[in-house]
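Accompanying notes for the structure given below.
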Amino acid sequence: MENLIGLLVAVPLLGAALLLCGGRRLDGKGHYIGTVLAGASFVIGAVLFADMLGRGEHDRALHSKVFSWIPVGGFRADVAFQLDQLSMTFVLLITGVGTLIHIYSIGYMEHDERRRRFFGYLNLFLAAMLLLVLADNYLLLYVGWEGVGLASYLLIGFWQHKPSAATAAKKAFIVNRVGDVGLSIAIMLMFTTFGTFTFAPVLTNADHASEGKLTAIGLMLLLAACGKSAQVPLQSWLGDAMEGPTPVSALIHAATMVTAGVYLITRSGAIFNAAPDAQAAVVAVGAVTLLFGAIVGCAKDDIKKALAGSTMSQIGYMILAAGLGPIGYVFAIMHLVTHGFFKAGLFLGAGSVMHAMNDEVDMRKYGGLRKYMPVTFITFGLGYLAIIGFPGLSGFWSKDKIIEAAFAKGGTEGWILGGAALLGAAITAYYMTRVMLLTFFGEKRWVPDEEGHEPHPHESPSSMTIPMIVLAVGSVFAGGLFSVNDAFLKWLEPVTGHSHGDSPLSAAAVTAGTMVVLAIGVALAWAQYGRRPVPRTAPRGSLLTRAARRDLLQDDFNHVALVKPGQYLTRGLVYVDHKLVDGVVNGTAASVGGLSGRLRKLQNGYARTYAVSMFGGTAVLIAATLLMRAV
Amino acid sequence: MSFPLLTATAVVPALGAVATAAMPAAQRAAAKWVALGFSLVTLALAAVMLVRFDPGGARFQLTESHAWIKDFGVRYELGVDGIAVALIALTAVLIPFIILAGWHDADPLESARPNRRWRPTQGFFALILMVEAMVVISFEATDVFLFYIFFEAMLIPMYFLIGGFGDRAGGRSEEETATQRSYAAVKFLLYNLAGGLIMLAAVVGLYAVTADQLGTGTFSLQEIVQARAGGRLDMASGTERLLFLGFFFAFAVKAPLWPLHTWLPNAMGESTAPVAVLITAVVDKVGTFAMLRFCLQLFPEASKWATPAIMILALISIIYGALLAIGQRDIKRLIAYASISHFGFIILGIFAMTTQGQGGATLYMVNHGVSTAALMLVAGFLITRRGSRLIADYGGVQKVAPVLAGTFLIGGLATLSLPGLAPFISEFLVLVGTFSRYPAFGVIATVGIVLAALYVLILYQRTMTGPVKAEVRSMPDLRVRELVVVAPLIALLIFLGVYPKPLADIVNPAVDHTMSVVDKKDPKPDHPVTDAGWFSYSPKSEGASHDGASGGAK
Amino acid sequence: MSGGALAAAASTTSTGEALQFWVLGTVAVIGALCTILMRKAVHSALCLAGTMIVLAIFYLANGAYFLGVVQIVVYTGAIMMLFLFVVMLVGVTAADSLKETLKGQRWLAALCGLGFGILLCAGIGNASLKTWNGLGQANSGGNVEGLASLIFTKYVFAFEITGALLITAAVGAMVLTHRERTERARTQREQSEARVRTGRNVPPLPAPGVYARHNAVDIPGLLPDGTPSDLTVNATLRGRGQIRDVSSEALAELAALEQRSQRWLGRKGNGTGKPSGGPGKPGTSENGENGEDGENAGSAPNPRGVAK
Amino acid sequence: MNPVNYLYLAALLFTIGAAGVVIRRNAIVLFMCVELMLNACNLAFVTFSRLHGNLDGQIIAFFTMVVAAAEVVVGLAIIVTVFRSRHSASVDDASLMKL
């Protein structure tokens, strides 16, 4: 069994190698290869899952050491995999959703001449992501961590001829790099603290270390999580990342990669448990982001950007939950999984809509599509209900639990967090309803694109609809399934641990509250977009709206605070290097030259001048000899 | 007396140089093949050396020792430790690729009709081989004087390579190119010569000290180290520091360390891509290598004394180089500044005085050599296609020449030390090594990582992505020869990134020895984990979590 | 001379020698100074000769009879004559200006000279030269014999070598001064052809001197308008600037001749005004009366054009 | 009077000669000054022989004369040649040693 784990990573990696190095001769069947291999890894995952279920609760974890990677002095890093329940959850999510999206992409990327490479990148991503969740030490995790970053870079910038895409890709990578620095520093701290950075020893001995160290490690890990999971303050890249093809947005920027931060924090639970300050920071980040993302989501007219905002906000929920400590870990992961289903579904739906509308992304130019693409409408609708937490659907179960846990945090802190979570739920309901209404309801507001093609929407091919349907099913039932006598809780508890906080409110009360705010959100959206017709061009909107359209000025801030000064700095340094550092050297040379030029004048070629110097010289010599004799 | 493998490894390329230079002007192609052949033989010899070298064995192996100048105790003393073997292997591997990449760089222009005397092609390849010979022997020399001679002699062929075979793709007038080139060559020569002469003074001083204390003066590294260990030789700290600075200055110029770096961008910018690789990937390594072998082992006390200052300079190099790389408009200068940043990392690792730091630094030398070679050579192919070094002249190449762009990207990713590629390991080791002794320095150094991503990706975006520029529309993709050059390098990058153990195993003992000479121990972790092995982890919720928890782990 | 010998024996000299020293020493110094201060090389040479004679006397006074004689014979006799010959060659009357061209040369020279002299004297001063054991017994067997015995025994090698040196010097001087003719001497015909080809002064150069009384080589011939033509004198003389210009007096005499001839022809009255008529008038009239000069006049402007 | 005065005289003459060498431009006069210096030396030698009471000093002086003669011959020959070629005996005109 252990060897299968390695295979899990190897299979998609092989696919990536094949497709990227294969050359043109694979163009015809590249996408099939990619899909099959993704499916194969899913099958392997399933086999492992079955095997794991077969074993007792506490010896479910598997471990396989492949080879010793970096042995230098006390620094020993192995390529070794660890498959416990947590990893398993991710493996299934990644390979499952991944496979679906491979299938979807076959149809979606049909007309792209670089489809083979696209599938190669997708496989590369799968491999990296699996490596991330299967690694048994932080350094190997770091490899996967940057690997997914690379894949995301390649896929966001897949349409490289678009400068906007290239820029977005670069931005994503660099913002992520900032987070990665956090991770690497955390690893160094672990090494200096524990002498190792393998999960098991570090986490078991976490509470022996001084709290200061642990807090530092925790904060660094949080920084990493912020980078990867697009949390404030490193969230700015996610919106632009929507430049990538929609399947990418669905797989990487909704379902899997962006949730890596949650995985990291949950995995490092022991450290955070022992470092309350770090936990507080995590919670704060989560709460802020879930509101931030939600607000941004409300203002965007670009359907994908709106969904991106929502992703941000949902991950905010997860981070919040993860920050709550043992109360929340399980629910964080649970929400992560359900979110994986419905958000992927939503994105695929959006993709199918764009596919139908000649890649038009502005929702104000949609409208009334439900008649034209029923399947998309239904799947999208189910996803919508799931995300707003409609009773019974996945989102309901997971999100409700998180809000509960937030309150259960206790004290004013609990109230604040709970309130934030509730408010977030309301806004979620609002903007998702908005998306729904703008896209599928109301009268049609289509306009011909530049070439004058009047879009005539049609249902997408089955290769696209089937994944959507599957995901819709998932987003309807997953949550319920998990919650049947706390199956999911029991499943994860051995890894993450769990504790029931003392909630000031009963679960029922929280649920009721959630329902109320949900209703309010939907109603507001209906009032604004459902009743009256929607203008094609966005109204100027309030100050907040405009700010939100600009991602709450995040980019402007970065530009003013970082980019501009950076540019000036580099320009200045280039000048300094040329003029100063080089100038000093050249200056010395020049001065020497000048001096010698002056000395050269002494050699005027007149014999008599030389004679005089000889004369003087002899005089000096005599003087010297006399002096010598005198002394 | 067994077969003098080390001498052979150095002599073969030298012979190759002679043979190549001796080829008549007409047989230009033949000369190229001769050069390539000899470089491959050298590679084979290096491989034999790698096999016969026993990591667990003596400190210096395959040693050869003959009296040379008796009156001054100069000996012809060769010997390799793990570090040297690794670097010799690097050199031997890179040279064939350099030759292959520069296949057409020295062909006479159409305008210049070749006559009997005029044969630049032969000269070009002969010089490259000559450089290889000198580099190899200075990696092998364990006699300070012997090392010094070749350390300096290296400048001569390099000077001609830079000044004589400039980058034709200047996009400038012939005269201006020529003036720029000679400026670069002279600058290179003067900087390194200045360093070398100061070092010569130090070498003589060393002799004086040993002669004074041991009775008979010696240049032999081993003797001196043993004498130090045996307490027969202890220099006055003042003297030791002066000598150390004398040596270090030369190596810092070669390495190049801020603020002695300005010769590198000119040299790399003006010379052809293969020569630029030769400079940064092979020749400069002698500097960092010598820091490890001579500075640290001859003058351990002084090294410790100078560490803080040097580490600060290294930090400046890292960040300064990266920032300037971001600010460059010229592809090759950008890579040059990137190299300066990387050399900063290497020096940081060396003087962190930890196993990880120095091991990382050594791996870094190898990895940086390979990665820069990959990136620079591809950049060279790109430049020869378009005939311009300015980044602004490119755009959308990725669409026209995907393979070229792909290899370029991989080279770039290696330069920004992406995990999975070789440089990541060395860079991370250096960082960890530094961090474990000087946390603040380690953290500052990580800024370099972000900046690296910045300059590499900016370069890639501006040249490869975006709408296709008219000038690059007809750009051909990589040819077979070029693929043969690039593919193995990339393969090597990936292999060393995934499975660096063999290399690390060769290097580690040498590093440990260096550490023992400097007598520094790795700092111990605060809470060492008793059992670092793997065992199932179950959360102890009660103990860990601060709020009352009912752990399920029962 | 024997008195000198006796004096040489003592540690202090006789008053006679003292007197001689002071008088002749002054002369010698003055001679030396004149040597370096005279503008004309000849004068310098003569002054130097004087100094050398004085030195010869001093040699004698110091008991170096042979050297004294040699000094007079070789130096004053041979070497100085050689100098004078060369001076002749280069130009007896050539006087180089004592105006210094190199900036600060003179001051430096003065400074160095002064310092040098003072230091030298200081050196001599603090050298302990107390006991003078004169040449009494050294010269007892006769000075010349003494020298001879030394030269042919102790210094025989040096002597031989100096011999070789002298021969070498003689040969060297010959080689240096002898100019090897590398190409065949051009015949008169070729020369004239060359002249014609270049078109410059096609006729032979005009002869120096104008009238019977002024036909010395250093007197330029006069052009019809009375101005001298440099072309008529030797280039060397020209180079030394040793040209005696007689144009002015020639013109005066010309005028006088004119008057006399007119008086002789019996014309009166306007004769007084004639000389004020300037040289132009008589030039033309002369041109009229004698054809040889006419040709000269025809060619004259041309050579002057070349001479400048 | 102390015969040492001869030495002072020699020194004086030598200095004058040296000054002459430095001051004068005419090569011939230059040579004369050199001769003057040589003579000064000779005087010194002769005086020394008187001082030491042996004839070696005189021998040296004798040799000096011989050498001086040779030197003069060659030197003057050179002057003549130079004058022939450039119609001047001034040492300043031969300033081709200038960089």
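Per-chain numbering from 1; labels A, B, C and D assigned in written order.
As a convention for this text, a contact is a pair of C-beta atoms (placed from the backbone, for glycine too) under 8 Å apart; a residue touches a chain by one contact, two chains touch by 3 or more.
In UniProt terms the chains read A = NADH-quinone oxidoreductase subunit L; B = NADH-quinone oxidoreductase subunit M; C = NADH-quinone oxidoreductase subunit J; D = NADH-quinone oxidoreductase subunit K.
Only a predicted model underlies this, so the values are computations on that prediction, with no experimental measurement involved.
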| item | value |
| --- | --- |
| Chain nearest the global centroid, as defined over all protein CA atoms shown | B |
| Between A-B and A-D, the pair joined by more C-beta contacts | A-B |
| Remotest chain, chain D as reference, centres from CA atoms | A |
| Where chain B and chain C are represented by their mean Cα positions, the distance between them in whole Å | 77 |
| Chain B and chain D: spacing of chain centres that average the CA atoms, whole Å | 68 |
| Chain A and chain D, separation of their C-alpha mean positions in angstrom | 98 |
| Separation of chain A from chain B, taking each centre as the mean of its C-alpha atoms, in whole Å | 35 |
| Two or more partner chains touched - positions in chain D | 18, 22-23, 25, 92 |
| Residues of chain C touching at least two other chains | 102, 105, 108-109, 112-113, 116, 120 |
| Which chain pairs touch, all of them | A-B, A-C, A-D, C-D |
| Complex contact set, residues of chain A against chain C | 604, 606, 608-609, 612, 615-616, 618-619, 622-623, 625-626, 629-630 |
| Complex interface listing, chain C residues touching chain A | 102, 105, 108-109, 111-113, 115-116, 119-120, 122-123, 126 |
| Contact footprint of chain C on chain D as seen in their complex | 1-9, 11-20, 22-26, 28-29, 31-33, 35-36, 39, 42-43, 46-47, 49-56, 58-59, 61-63, 65-74, 76-81, 83-84, 87, 89-90, 92 |
| Contact footprint of chain D on chain A as seen in their complex | 600, 603-608, 611-612, 615 |
| Of chain D, residues touching chain A in the complex | 18, 21-23, 25, 91-92, 94-99 |
